[in-house]
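See the structures that follow.
Consider the two complexes below, in which subunit A is the common component and subunit B and subunit C are the respective partners.
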Partner chain A sequence: MDMKRDYYEDVRIFTSGAVIFWTGILLLLLAIFPFVAKNYYVYVVNFMAINVIVVVGLNILVGYTGQISMGHAGFFAIGAYGTIVLMTQAHFPFLLALPSAGLIAAFIGFLLGLPALRLEGPYLAIATLGFGITTTQIIGKIQMFGERQGLHAPDLIIGGWHIKTDKDFYFLLIPITIAMVIIARNIIKTKVGRAFISIRDADIAASTIGVNLTYYKTLAFAVSAFYAAVGGGLYAFVLRFIEPELFSMFMSVTFLTMVVVGGLGSIMGSVAGACLLGFLDLQLRNILEIPYFGDWIRMLSESYFTLTGASNIQLIVFGLILIVIMLFEPLGIFGMWIRSKKYWLAWPF
Partner chain B sequence: MAFFEVKDLSILFGGLKALDNISFKVKKGEVYSIIGPNGAGKTTLFNCINGIYKATSGQILFKDKTITGKKPHQVAQAGIARTFQNIELFDNLNTMENIMLGRHLYMKTGLFRGGFLWGKNSFAGKEEAVHRKKVEEIIDLLDLQSSREKLVGGLPYGIRKQVELARALAVEPELLLLDEPCAGMNSEEKQDMIFWVKDIQDELGITILLIEHDMNMVMDISDRILAINFGQTITEGDPESVRKHPEVLKAYLGEDDGECTA
Partner chain C sequence: MVEFLQMVLSGIAVGSSYALMGLGMVLIYKASEVPNFVQGEMALLPVFISFMLLTSYNVPYYIAFPATLIFAFLLGCFLEFGILRRAKEPNVLGLIIITIGMEMILLGFVSWKFGADQRAMPFPISSYDSIIIGDIFISTLDMLTLVVALVIMLSMFLFFRFSKTGVAMKATQMNENAAALMGIKTKQIRMVAWGISSMVGCVAGLLMAPILVEPYMMWDPMLKGFSGAVVGGMTSLPGAVFGAYIVGIVEHLFGGYVSLEFKSVVAFVIIVIVLCIKPSGLFARHYVKKV
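Here is the complex of A and B:
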């Protein structure tokens, strides 16, 4: 049993030497990864990191504040388009365009948070769903945003550093991701985060101790929208080309799935959920190339699901994973972690 | 110039008059109890004071300023805290964090200073430490040391009531509304609660507005009592006179019995 000697120890990040050790190992692995892995896997990790940013932000809203959003693809799109347009039209440098797009999304998130003050549960889900769909539709009609043809990302130069390959981008993306995760964790551990949690657990009690419900509910929307937009802005440069169809309703649902699978109300769970499902999302697209099994799936799908084959098979596997996790571990990956930790601490009993 | 005053307060739920022209004054530093049978409107009265319900008519004055129509968080800012009849705690936080939420009004860390918690000497780090120390004093006062790090969702009922009281105290209110603090407690826990309520009154100088069904407790610690039934005032006065008032006896014990002594 470790004793705490200082109140600060309750909120600090590194709670023990072991945590510092493993964090060091993780950072080291992240640093050498792009030099040893194939280019495709660097791309995969970039994709996962973007999911991490969005999902951590979404968890602040869904997991901590208890407000659902099924329209985060909308904020994601605002971030992606906002960053590119600010760079090409207003000639902002990338490092200014990205947070600016984030702030624009945060403001729209604040506006979306206003009706959320009166809506709860399924009603809020439908309202946010509508927002997500509307945003993509509107973007697809604006000429400056390339309409249906989409937009190409401009060249990315920071200082004298010309970022061309996935590997270059990795070194820009990973520090941003780590910073965003730590900031989210700090927000949750301090006053604002506690206010969010209080709204989720008992909103009336929260208001009677001085938590301004209007302010904190809309703030949660704004913060979460900011995270989604930063993720979106970075995503535009991973793909280098964006079009409205990318930011579909399915994308919003995928983000929400990642939050739930990772564990509602857990930052590290969100990181794990985003990595796992982000990885699966990419890998399952190649499911038909697996020998024998791929052929079998194709046959199965052609005879029972769709005529065009198993093009959407990853959605089915996604759904299965969600169902299985909800059945066996409602707290998601975070719940599994807590349980196994308890088991090993008490081992062999 | 009353410390706290309710003037002709009425609230209608559809056709039902849940509160009908209730008026009373509370002096600074006293324990003022509100009694009445179930459904008399006691909790409704608290909800009106808190701003959870909007009164149909009437006025609530706190330190000569009106708080009618204010939002719950503004009422809290004015210096009024409360506990709930059916415990309303933040179940997924531990005791410490629950009470820390009571410090919400006194903390200044925002999104940015909170997000950039760069260590012990950052603004957020220092502020956390200062308020955790304050919370520790409240934990000591209410003997909650053993459950400091436990999630309140899993704590026993009596302790949860205590945590709620602690959270209300952390707001450093001038007026504390206690909604049945002894409901569902055994006699030992009740004794402790009575002791703390007296402590809060004497040592912290907090004025207390109390709803309670346990007559022993009410008679023991109240300075004055207001009895209501069906949203209407029956009587108001010191414990002795309220205890003997025929209408109170009727409301509590029924009619047609001359021998009862409450």
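Here is the complex of A and C:
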């Protein structure tokens, strides 16, 4: 049913009229959303959009190239700190500082990719994990980065547009997010993307047909780091205050969770996973404020658990989602979508 | 010189608990081929159970500690039998994700149940006493850790050398199909490997608990044990022990002579250096994959 007849059909952004229709609806909804929703929900969508950027980038590395990374919070931190420091110390404008920080992270990603060339499986996992932890530790000890006290984001002015509220920032963030997602999709559809996929499926076979492993593996790390850093730079302005403790190992694990839940090797899956888990993440952090359910949790916590630890329910829920997804649907949300699509296309047979 | 010896000795003491965690990781890696991120939490939950038994129910030590170890064994078995074994078409990434999921659940549960307060567990030996050998100090708790670690290593060696289960475990790790053909119940063996690994980790946790009991207490030892195991080669038990001691000693020397601030990241630098020279660690044979 999804048969591609020629190359140009494969690289087209809109594969059918239905896709154009739903994309139009989505864009329309995104455009009117900040005018009808409460301020808090605009903030939530900003948060989700940042997750989308990072997770799409991480999926290029994990899902398409098959290299595990458990240190993306490191790149995220480099992006956040890099953007702020470039703006306050070097007086770069925001639109220049953000990609510059991204390029710095990409270079560091390239450096991390070099030892990763020879590593796989658990060795790569611990090396990237170590990178994430080390980066945060080092950033937390450099005076220019505010050490443990953290940094405040400067005022954001682009041209004459002074961005103050979450709503203003929404109009900056959403176009960037859409652009990044489309770029990621296009990377995957080109020669570079096919090289990534061939490395994932069989790296030795790929190298025998002329895929330069050194080049493409480090490139995958660099691209992924760039995405994470751009996400980080934007995140700094959503929170307006950053400190080293934010970029913990759990952040890296959360990003990996989003990739897996969305579906390895699927851009749309990543978007869905990032939105879903990003939303859950924010909601579960203040689980006690949820109506009805929160009261019940409060009662349960008071009688059997501790009230201060109730926010850790987020960990339990995320862990359960991870395990259930891995046990029953290893391709995540994307897998469910494919399966239901096939079912309904062939219905009633 | 005295200072140097003092640092090396402290490094060895810390390295002992890393070595126990590393041993646990290697046991599981050899059985299920997955880097086990739940290793720390498999020790954490039993430690908290034992803390609860000792403080809330006033159970004496000689009952609480064995009960904890048995609980740890059962927990390890359950995680393998109940969760990991059920994975469909598992690949390395999938298995890693499952262990991370289990880790999040256990950690979340423990933090929910006990809060993030920092406490200390009652223990038969005070953590403030120390022994003086020549000019070198070592706390009795560290001494105990060292001795217990050595005893566990020795008994593991004997277990793999002389007991039937141990030999069956080695056979399963070498070639699962061949072992199954010889009549070994390989699935059961794998489950027992998880149980033993959990027990070894739990001992490390119990020995750290008199100083600090809190939900994140096993993170650092787990990562350092993992680093040690990777340095040693992930498939070799003596390698894991050796790697863990190296990590412990270098960490202390770095903390003493170079910079105390960056002490905790040294382990990862060691890993990167070692892996650049020998991509599969110091003691493991490097297998070149064929297409």
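What we mean here is this: the second predicted complex is superposed on the first by the 323 of 349 C-alpha atoms of A that agree within 3 Å, B and C clash if a C-alpha of one lies under 4 Å from a C-alpha of the other, contacts with A are read in each partner's own complex, and residues count from 1 in each chain.
Here is the rule we go by: a residue touches a chain if its C-beta (ideal position, glycine included) is under 8 Å from a C-beta of that chain, and two chains touch if they have at least 3 such contacts.
All values derive from a computational prediction rather than experimental measurement.
**Q** Quick check on the superposed pair: does A:138 touch subunit B, subunit C, both, or neither? Answer first, second, both or neither.
**A** Touch status of A:138: second partner only.
**Q** Who does A:205 touch here: subunit B (first), subunit C (second), both, or neither?
**A** both
**Q** Between subunit B (first) and subunit C (second), which, if any, makes contact with A:22: first, second, both or neither?
**A** Neither: A:22 stays clear of subunit B and subunit C.
**Q** In the three-chain superposition, say which chain, subunit B or subunit C, touches more residues of subunit A.
**A** Counted on subunit A, the partner with more touching residues turns out to be C.
**Q** Looking at the overlay, does A:315 come into contact with subunit B only (first), subunit C only (second), both, or neither?
**A** Second partner only.
**Q** For A:197, select first, second, both or neither according to whether it touches subunit B, subunit C, the two together, or no partner.
**A** first
**Q** In the overlaid three-chain picture, which partner chain does A:296 touch, first (subunit B) or second (subunit C), both, or neither?
**A** neither
**Q** Name the contact category of A:118: first (subunit B only), second (subunit C only), both, or neither.
**A** second
**Q** Using the superposition on chain A described above, determine whether A:330 touches subunit B (first), subunit C (second), both, or neither.
**A** second
**Q** If I apply the document's touch criterion, which positions on subunit A are contacted by subunit B in one structure and by subunit C in the other?
**A** Touching subunit B in the first complex and subunit C in the second, residues 202, 204-205, 208 of subunit A appear in both lists.
**Q** Show me the residue ranges of subunit A that touch subunit B in the complex, using the header's touch definition.
**A** 6-8, 10-12, 183-184, 186-187, 189-195, 197-198, 200-202, 204-213, 219, 223, 265
**Q** Of all residues in subunit B, which touch subunit A in the complex?
**A** So the residues of subunit B in touch with subunit A come to 50, 52, 71-73, 75-77, 81-82, 84, 88-93, 96-97, 100-102, 104-105, 107-111, 113-117, 119-120, 124-125, 127-129, 132-133, 136, 167-168, 170-171.
**Q** Under the definition above, what is the set of subunit C residues touching subunit A in their complex?
**A** 29, 34-35, 83, 86-89, 92-94, 96-98, 100-109, 111-116, 215, 223, 226-227, 230, 234, 261-262, 264-265, 267-269, 271-272, 275-276, 279-281, 289-291
**Q** Could you please specify the touching residues of subunit A with respect to subunit C in the complex?
**A** So the residues of subunit A in touch with subunit C come to 62, 66, 68, 115, 118-119, 121-123, 125-127, 129-131, 133-134, 137-138, 141, 202, 204-205, 208, 253, 256-257, 260, 264, 301, 304-306, 308-310, 312-323, 326-328, 330.
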